[in-house]
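What follows is a group of structures, each given as structure tokens.
The same chain A turns up in both complexes below, where it pairs with chain B and then with chain C.
Here is the complex of A and B:
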């Protein structure tokens, strides 16, 4: 994980913004994996937060995460980006985001956090690392803080894909399927 | 019993980057405790201080989440596969405070989070922080209107307190914009108040009014009422007009190009003919009713729901306790919004109304 701008193809940026708009007024969420051949796959995931909370909360279902983690293991993919939207507020990790991210910080590799804000038009996209912070750091929430790294538009690597994950059956005994976006 | 445990990437640094590790135990709890023994740091990632599995940690046995089985007492045996998956979750800074504060809006189908966002993004100018302005400001601030402009150059007088509910006894002699801003800050710190502590005039109206989506008029004199009407039309800003007198009130909403105050009242009454509230009086609760209707209209306009009170004049008679609406319509010969307008910029409203600006026996509609 570097501190420089993160290369992201325009097609992926567009897909994340489109996802945010489609999910509005709920928050959207998803993941981008990077494979050893540099191909990128964007996965729209389900927002499994309670319906009433979804405008302010996202929660990627554990079954979909399990699917993604297994995919990462099998295909030696990196967990490149976690993205979600803020419908009313800026594209900066909120205290809620930081609290949820806390247990995971320090993992290597650990994804960049990309936020799409619909509070601006056109929507604002910002990319962050979440790092450990000293308790007396004024930006620290629960021992971590966001550091903006930004992004730069990069070419779309061959073999990249835009996908959605769907969970069917009982959420707790999910059958997760991948479908191409637009299917 | 030896089971295979799948370790997701976030935890793999604890297991020497191994994807699968072996662990012993006869149930999930035993397996996790064994992992805690083998891999320093694993325990604090998974267990709370009182030894419960943390709520954001999901544990699966052969792809079944353990809460659908027998929780941490779920039995495991040779060949079973256990997965420990930390949640990826978060959310925006509509804080718990805001979710609480606006919860009655958020649960309404017609408002909801998107509607609340429209309210939060709304910019409303309230002309006059008096009898009408008080309830208008109080309700719009409570609802979360993001920016509230207040035009008033007056100070709080004891005689205002019989009806001007945004001010208190301790505010006497304070500028009304200051007193109102303090009350709003206490009610809802999410609201930004823009204080215009000056009379609205032909010189400043076109600077102030275009900054807003909606003007709510609680002016107490005809000169200001015509000025606000003309400036709102010329700026393309929606106007919710209200007036009160003794036991009676009037409310209407003007959308630019769909009629205006001049269509309704082409010219002001002769100076002195209609006494002001200061001269004739007004029932204390009356502005509450009329102002609350104006605030309701403003919220509907921000939310873009319902039928605005356009092309209708609502007449309220408190003594009879009757509401009536009369139809009004855009006048083709209106000098402002008609087919051949003659008023194309702001004029001298003191001269137009034949009265000293903001003073004297000006007018009927009043606060």
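Here is the complex of A and C:
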């Protein structure tokens, strides 16, 4: 993973901002996978946090995670980006984000964190890596901290897709369906 | 036939890069202890005070063990155990936000 700006197609940026606006006042969340042929797929995911918490929490449901990790393993996709929105605060990983991200640090591939803030108009989009940090680092939360890497608008690779995941059935054995955005 | 454990990338550093492990059938809790004896530190990433960590999901085949018998979930020959890190987070808690950022 490089420390330079992350190439992101405008269509994906637009889809993430549109998702943030639609979900408002709740937070939205989703994932971008990158396939070996460089195609990118954006997956809107369900925010499974408790309804009262969704304005300031996101939690991708376990069944949708299983679906995504299976794609990663079967189609050798990289976990490129995890995105979510902050409805009233800046587009920077919060202490909550860092606490939840801590167990993931060191994973390879390790996704970039993209945040959409609706506290600004137009919404602010910022991209970060979350890295291990020394305990005496003032930015450290639970041994990690965010480092901004930024992004640059890139062409949309052929074969890219904008999708949403939908969960049905019971929580114990959810059925996850992929649908094109706009359906 | 044995139980296949699919190791997420964040735990490869504990398993010497192995992505799949195979063990005799047991409960999830007992299996994780056996794995930890071979790969010290593995279990602590997933379990705290005998329960699954909040930020971890474990599936037996396609079923979340939180909806089965959690750590006591029995595994049979041929079962696949998938370990997935949660993806979650969110804004600062409302009571930690500046007053001006409170919800209307």
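Definition applied: the second predicted complex is superposed on the first by the 183 of 183 C-alpha atoms of A that agree within 3 Å, B and C clash if a C-alpha of one lies under 4 Å from a C-alpha of the other, contacts with A are read in each partner's own complex, and residues count from 1 in each chain.
Here is the rule we go by: a contact is a pair of C-beta atoms (placed from the backbone, for glycine too) under 8 Å apart; a residue touches a chain by one contact, two chains touch by 3 or more.
A quick note: this is a predicted structure, and the numbers were derived from the prediction, not measured.
Under the clash rule set out above, the superposition-derived model of chain A with chain B and chain C contains a clash between the two partners.
In the superposition on chain A, contact is made by A:24 with chain B only, not with chain C. Looking at the shared chain after the overlay, A:69 reaches both chain B and chain C. Using the contact criterion defined above for the overlaid structures, shared-chain residue A:101 touches chain B and also reaches chain C. Touch criterion met: A:93 reaches chain B and chain C at once.
Shared-chain residue A:57: touches chain B and chain C both. For the contact definition in use here, the residues of chain A common to its chain B contact set and its chain C contact set are 25, 27, 29, 31, 49, 53, 55-60, 62-63, 65-66, 69, 73, 82, 84, 86-89, 93-97, 100-101, 103-104, 106-109, 170, 172-173.
Residue ranges of chain B in contact with chain A, taken from their complex: 6, 8-13, 19, 45, 54, 56, 58, 60, 63-65, 67-68, 83, 85-94, 99, 106-107, 112-114, 117, 120. On the chain A side of its complex with chain C, the touching residues are 25, 27, 29, 31, 49, 53, 55-60, 62-63, 65-66, 69, 73, 82, 84, 86-89, 93-109, 119, 170-173. Within the complex formed with chain A, the residues of chain C that make contact are 6, 8-10, 12-13, 45, 53, 55-57, 59, 62-64, 66-68, 82, 84-94, 96-97, 101, 103.
On the chain A side of its complex with chain B, the touching residues are 24-25, 27, 29, 31, 49, 52-53, 55-60, 62-63, 65-66, 69-70, 72-73, 79, 82, 84, 86-89, 93-97, 100-101, 103-104, 106-110, 170, 172-173.
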